[in-house]
Amino acid sequence: MSPLNFTHILTQAVDELSESESYKGLFHQHKDGEPLPSAKVLYEIIELSRSILFPGYYGNSTINSHTINYHIGVNIEKLYDLLSEQILAGLCFGTAEGKCNTCSDSKREEASRLAAKFISKLPCMRKILATDVEAAYNGDPAAESYGEVICCYPAIKAISNYRIAHELLELGVPLIPRIITEMAHSETGIDIHPGAKIGSYFTIDHGTGVVIGATSIIGNNVKLYQGVTLGAKSFPLDADGKPIKGIPRHPILEDNVIVYSNATILGRITIGKDATVGGNIWVTENVPAGAKIVQTKAKK
Amino acid sequence: MSPLNFTHILTQAVDELSESESYKGLFHQHKDGEPLPSAKVLYEIIELSRSILFPGYYGNSTINSHTINYHIGVNIEKLYDLLSEQILAGLCFGTAEGKCNTCSDSKREEASRLAAKFISKLPCMRKILATDVEAAYNGDPAAESYGEVICCYPAIKAISNYRIAHELLELGVPLIPRIITEMAHSETGIDIHPGAKIGSYFTIDHGTGVVIGATSIIGNNVKLYQGVTLGAKSFPLDADGKPIKGIPRHPILEDNVIVYSNATILGRITIGKDATVGGNIWVTENVPAGAKIVQTKAKK
Amino acid sequence: MSPLNFTHILTQAVDELSESESYKGLFHQHKDGEPLPSAKVLYEIIELSRSILFPGYYGNSTINSHTINYHIGVNIEKLYDLLSEQILAGLCFGTAEGKCNTCSDSKREEASRLAAKFISKLPCMRKILATDVEAAYNGDPAAESYGEVICCYPAIKAISNYRIAHELLELGVPLIPRIITEMAHSETGIDIHPGAKIGSYFTIDHGTGVVIGATSIIGNNVKLYQGVTLGAKSFPLDADGKPIKGIPRHPILEDNVIVYSNATILGRITIGKDATVGGNIWVTENVPAGAKIVQTKAKK
Amino acid sequence: MSPLNFTHILTQAVDELSESESYKGLFHQHKDGEPLPSAKVLYEIIELSRSILFPGYYGNSTINSHTINYHIGVNIEKLYDLLSEQILAGLCFGTAEGKCNTCSDSKREEASRLAAKFISKLPCMRKILATDVEAAYNGDPAAESYGEVICCYPAIKAISNYRIAHELLELGVPLIPRIITEMAHSETGIDIHPGAKIGSYFTIDHGTGVVIGATSIIGNNVKLYQGVTLGAKSFPLDADGKPIKGIPRHPILEDNVIVYSNATILGRITIGKDATVGGNIWVTENVPAGAKIVQTKAKK
Amino acid sequence: MSPLNFTHILTQAVDELSESESYKGLFHQHKDGEPLPSAKVLYEIIELSRSILFPGYYGNSTINSHTINYHIGVNIEKLYDLLSEQILAGLCFGTAEGKCNTCSDSKREEASRLAAKFISKLPCMRKILATDVEAAYNGDPAAESYGEVICCYPAIKAISNYRIAHELLELGVPLIPRIITEMAHSETGIDIHPGAKIGSYFTIDHGTGVVIGATSIIGNNVKLYQGVTLGAKSFPLDADGKPIKGIPRHPILEDNVIVYSNATILGRITIGKDATVGGNIWVTENVPAGAKIVQTKAKK
Amino acid sequence: MSPLNFTHILTQAVDELSESESYKGLFHQHKDGEPLPSAKVLYEIIELSRSILFPGYYGNSTINSHTINYHIGVNIEKLYDLLSEQILAGLCFGTAEGKCNTCSDSKREEASRLAAKFISKLPCMRKILATDVEAAYNGDPAAESYGEVICCYPAIKAISNYRIAHELLELGVPLIPRIITEMAHSETGIDIHPGAKIGSYFTIDHGTGVVIGATSIIGNNVKLYQGVTLGAKSFPLDADGKPIKGIPRHPILEDNVIVYSNATILGRITIGKDATVGGNIWVTENVPAGAKIVQTKAKK
């Protein structure tokens, strides 16, 4: 193709793609001081958090008990800096559609305050993650040590990201919690919405294909297998025929529930304490405490 | 182990693994001017395409409406260069088994021509992707803005890659379309074959485990949930007992069809307009327009 | 937030997170000469192995039959160095909880010996992987060449990692085999435990969500589709109520078995020779040779 | 050395080195919004400037006359962003010793204003650099093309950095101009203080060891060889015995002067129009216009 | 500064800097297949050459005598590929001002031919560099081993680059030789023009500031100290007042000459066999064989 | 060039260059556990040292007085690890020519011990470098703050590297000290041999071309300008005609001496207290305390 000819095609494509009509709704315009949250920086934030929560397993592996406070100190300071910056980006993004005259110093301060709050929650987050590790170890005959669970198990990665994201959501940070859980989704195939509420000793075996919706409530000591969906059955529409946002629409799983692989549980129903849901079934009604439900037998 | 001893083991392994008999069918020999398509460059091509299609969300986030044409211009020029080179690699790979005396200037020109054609399709691709974004936003009560959908939703990543790959396949580019959809498969767990035909306002919720086969046809305004398979039931074999390639063998989904999680639809059947397919079921026969089919009730 | 105030929060969080009580079981302390296995180095090891097993497809693509021995030579030498170091890390990790007085020269030698043994197995590994490539090509009407299968198919990536990891497990290397299969799990959504035994001509179509448990046994010429689980049904607990480790608890699939998408096969049962298991069903009892089992029909 | 023992040494060294007494004058404390100028970012700024001033020779080499405005546009926008940020760092550094209550929005605005002014000077800077390139080409029989001069000649690199740094100094930017000329000093061995005033058609042959002091004044069409010093002879001290800053103390070289290698010219003297200074001599008195001075003959 | 205002400044600067008048002589336009030689790739070429010439000291340090041929093989193949590409860029650059209709296959072939010739010269280059290493070791009482000389001495780096560049110049490759010697100039402060002819056992002590002009001729066993210039005195001008290119204008140093630090030797004069030139003097006339010349005594 | 033909040239070059005769003295063979010191790691060691000695100016610039001990702690631990490894490499290199049966655990311990000793010297090194910074600031009317001196002045970089390297040399570490000073030589053009002894308040202005030989002794409060050589005049040869190593052969500069640019001082002579040496002269005899010597006047 002659260079001249290509220049024409290029020029025309550039013109069409730069026309404001063509990018309506698909274009994020930078306003001063309002960069978009950065996936790369959020990834670094997750790595830092993991290295603080599970020292020696993530981050610098030469750490020991005499030097741990130097490492935790440096990592927390860095986490604070990066997180302040990303929360600011999230706050500005949240208001991007309207005006953002107030986007300057007060928002900056707000972002720093939220980042510091998050940091003060880290010790609690480590405490609950310790119960998740214990549950994964106890629940899998193939697990040989806590170390193996922390290093290798996708569930620990997905649950860590969820617990971090949930904390940020609780603090009122927009957008970022969702990006963080989607990172784990991409890495592990486990999709936990940051809005879900999940108790201690939670574990997921294998995990690929698990979906936990935004208004799900999960008690303590619950175990899910791969491919389990906690989803919405249907959702009320508003006058314009659009789904009404924010209504509870996902299941409640009480303490000690087990759900086997590829089961689909839909709607604001309750799976009672100690119940077991078998694999590959579709559940849309309450299951009483202690019950076991399984698939109708296959035909041979 | 003594260094000498290892040298012997190494030498022998090298000799065995370099013997032509041992790498039959597993070795890609470089011929002059015929490098293999590069996953790393194709990844860059996808990033560039995303930054052109969704300016500000991907690529440089400091872009604004006064400078957008500079950015689009530079990105399109780079995309053209990289794509020409990769298409050339794909064309040469396609003929790698036979001879490639003609692999020089005419192929080079062909590759440039195809790359330019692809670029002239970008405005259309942005138009249809805008409908996909709208469908995802409208279909998910948890979605808070178009921006969140574009940034976070795996479906948008998978569908973008599919639409790019499908365009390249239509232009007759070998191998590369498949690598591009497999990239999205790895990132999102959504496996759409570039050969499938998919209408506008298409969306996939959560997405992990979705499979859309090569000869599938999907109408407008269709929604799939995680784990849905549009697959082949079985395929006719040729005289040598090998599957005959290129025969239509995947389902047709007409407009407004919804398929819930983990449903498996197999064979060249038709799911009629407005039909709904429930989760966790196996469908191998036509479903009439407007029908709703669900799983047999589970046993308690 | 005033810098002073944050300094206080930071100091306190550092103190809490550095207290030995708070990181019990979650902290990997470095002892001299015992770094943790490195995910980054193991990734490099996988890339090197792939470039040796499928020359030209992975690694340097300018290789040809005259220079192949130079490339194989350099790559094997590097593989030996990296693998020795990682195996040493794995051996030390394995004994990390107890004492490791003997962690020095004898372990170093052991690690080198095992790395060399692994290298001597590479020609066999290439031979069996060739059968897997052939099976994938023959089993998929959409596959256009062996090259496409090797470049793009997630199954080949997952099975390569499995065969490498299984070999290392057989040699008695701790931890590392599991990390290697989890890498493929993250990349492809296919989770094969390195302990499984798998015959030749093995293939998995699409693959996302496949789980193959630690004590599974798979014959020759077996094909799985996406979402298939070969899992454990339940497992005996010891006196403390913890699962007893190491008991056979996953299915046996004999030669020529086909399992369709999202089927779940649980427990130490046998799916007999030439049997076919349909999609989306839950199987917990033996299936005789040659049988075909499918889901109960859906309700409309 | 026992780990315990080392821990003691480390702890003690950390304590000593963290004591405020020990780092007096050597410690740059970060205050909010006042990072230090970054050598890495300034390096990028120089690369961007070179790619704008000499398009195609630096930066993206695929540029052509049809696409040049896209490239210049993107590069200038990026230059503006990076430069604003670095100028802000420089402004804050400049006041670092005192208080910086005013360090916020007004300084931010000032930094942006200065960056924009710098950008408006780029066309003039290109114009004068074109004369420098011409002088280098005409003055060196070994030069084969303008392109070779722009690509290879250290003088062009050093003079570009000087002209950029001088412009920034004129705008009142602290610290950064000096870092920029020191970058060229390290790269080329040519040390031009950004405060010097230098006319058009300036060239330096080979250049290693050239020093041009802060208050030097150089006319048009001047040529220096390697190792030439334009320095200060001595400088008046203040009451405390410290040198008084800001007094003119370096030579004036009028139009068309040539200075040969390793000559040292010291103090506020004038080398008159068309004069020639021979190599390896020490000059501390005025040289009349048109004169030629050389070294006393060597002894054999 | 208001964003709007800056947009205006930016737009105007872009327009001015994109005007063809403004970049005359300073713009390298890309024509198809004619990228500029790349400093980054040439740097890699130097690293590869050093790793081939001094195996184990540069490049992979795990090499040993049993595996050296694998490493040399891979490195030479890579060197050939990169060099072919850069030579092609150099050949096209050489003709960039005129037309380059013939820039295609014949030039490509020429570039490959020259790269292969260069590779066949590598054994000779290693032989002569061995004499340079020996001379550096013998000439410096502070040198403790050949290894230290090869690893640390800037002279070895500068002389290696010179010998590589000289070989390429002899083969008729344009531009690239000069870039390669300027790389060493920047790294070491030693500026040797690739056109100079230099015998065996050549060494330079310390080296910063040394300049060796394009038509210099240096015999065997010559030693220079830092700051020595072998330059041109003046050069005949052509009718337009421009220097005539290609005339011999730099000194000849016969065998065993020593020149001490900062001496300047100018013009086509001969320093006879075994002569010694003292430091800091300016020499513009022949020096007879065996003579010693020194500076006139300093005044106290 | 036909691929076949090139294969022949390549094969032959590989064979010649792999022959043991051809690489005699130029080949560093790796023995187990004896890698070569790594320039890349040593560069990191220098960066770490600078960040410890001048906190906030080098390394992480977000450090403040509340968090400094975390940063110093982490950096010292990392410095200890990297330095132990490099010292081990240096120790093994030192004995590379002979046998190294003892290269294992005792050397490893020795390396750790030396690294710890080095770390215990860091507080003293910071103290003396503070005097060098003060001297540079006081001696240059163009210097505007200590910060500018620390950030920009090449002398500080060169003197820091020298003081680090000198300390390592005193501890008996081979090879590495020289590599460290050569790094500064390449960066700044200042070549200080690690063996030189240099007092406090030492400064070098501009610095390019300065050479300070291995046995030089420099008192307190000495200032050198660019291009100054402290060299050897000639050195006694041994019976084989090779220079005898280790004899004092470089000048002694007593307290408060100033040496102007491009002066060359050669041999074991003494420049007495408070003496001044003018530029561009060659000094080979003692200069009495308080004397001023200058160049013979130039001829006009």
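Which chain is which? They are A, B, C, D, E and F, in the order written, and residues in each are numbered from 1.
Basically, a residue touches a chain if its C-beta (ideal position, glycine included) is under 8 Å from a C-beta of that chain, and two chains touch if they have at least 3 such contacts.
Per UniProt, the chains are A, B, C, D, E, F = Serine acetyltransferase.
Predicted, not measured: the structure shown is a model, and the values here were computed from it.
Asker: Kindly list the shared contact partners of chain B and chain F, in label order.
Answerer: Intersection of chain B and chain F contact lists gives A, C, D, E.
Asker: On C-alpha atoms only, rotate chain B onto chain C and read off the angle in steps of 5 degrees.
Answerer: About 120 degrees of rotation relates the two copies.
Asker: Have a look at C-E, B-E or B-C and name the one that copies the A-F interface, over half of its contact pairs being the same.
Answerer: C-E
Asker: More than half overlap in residue numbers between the two sides of the chain C-chain E interface, or less? Answer same or different.
Answerer: Interface between chain C and chain E is built from largely the same residues.
Asker: Compute the distance, rounded to whole Å, between the mean C-alpha positions of chain D and chain E.
Answerer: 25
Asker: Report, in whole Å, the distance between the mean C-alpha point of chain A and the mean C-alpha point of chain E.
Answerer: 56
Asker: Do you know which chain F residues sit against two or more other chains?
Answerer: Residue numbers touching two or more other chains: 3, 10, 14, 31, 62, 64, 67, 69-70, 72-73, 77, 189, 208-209, 227, 262, 278, 280-281, 294-296.
Asker: Name, in rising order, each residue of chain A that touches chain C in their complex.
Answerer: 52-57, 61-65, 68-69, 72-73, 76-77, 80, 109, 112-113, 116, 119-120, 122-123, 126-127, 129-130, 133-134, 138-148, 150-154, 187-189, 206, 208-209, 225-227, 260-262, 278-281, 294-300
Asker: Provide the residue numbers of chain E that touch chain D in the complex, in ascending order.
Answerer: So the residues of chain E touching chain D come out as 1, 5-6, 9-10, 12-18, 20, 22-31, 35-38, 93, 96-97, 174-175, 178-179, 182, 185-186, 189, 191, 193, 195, 208-209, 211, 213-214, 227, 229, 231-232, 235, 242-247, 249, 262-264, 266, 278, 280-283, 287, 291-296.
Asker: Note which residues of chain A are touching chain D in the complex, please.
Answerer: Listed in rising order, the residues are 3, 7, 10-11, 14, 64, 66-67, 70, 104-105.
Asker: Within their complex, state which residues of chain C touch chain E.
Answerer: Touch list, chain C to chain E: 60, 62, 67, 69-74, 77-78, 81.
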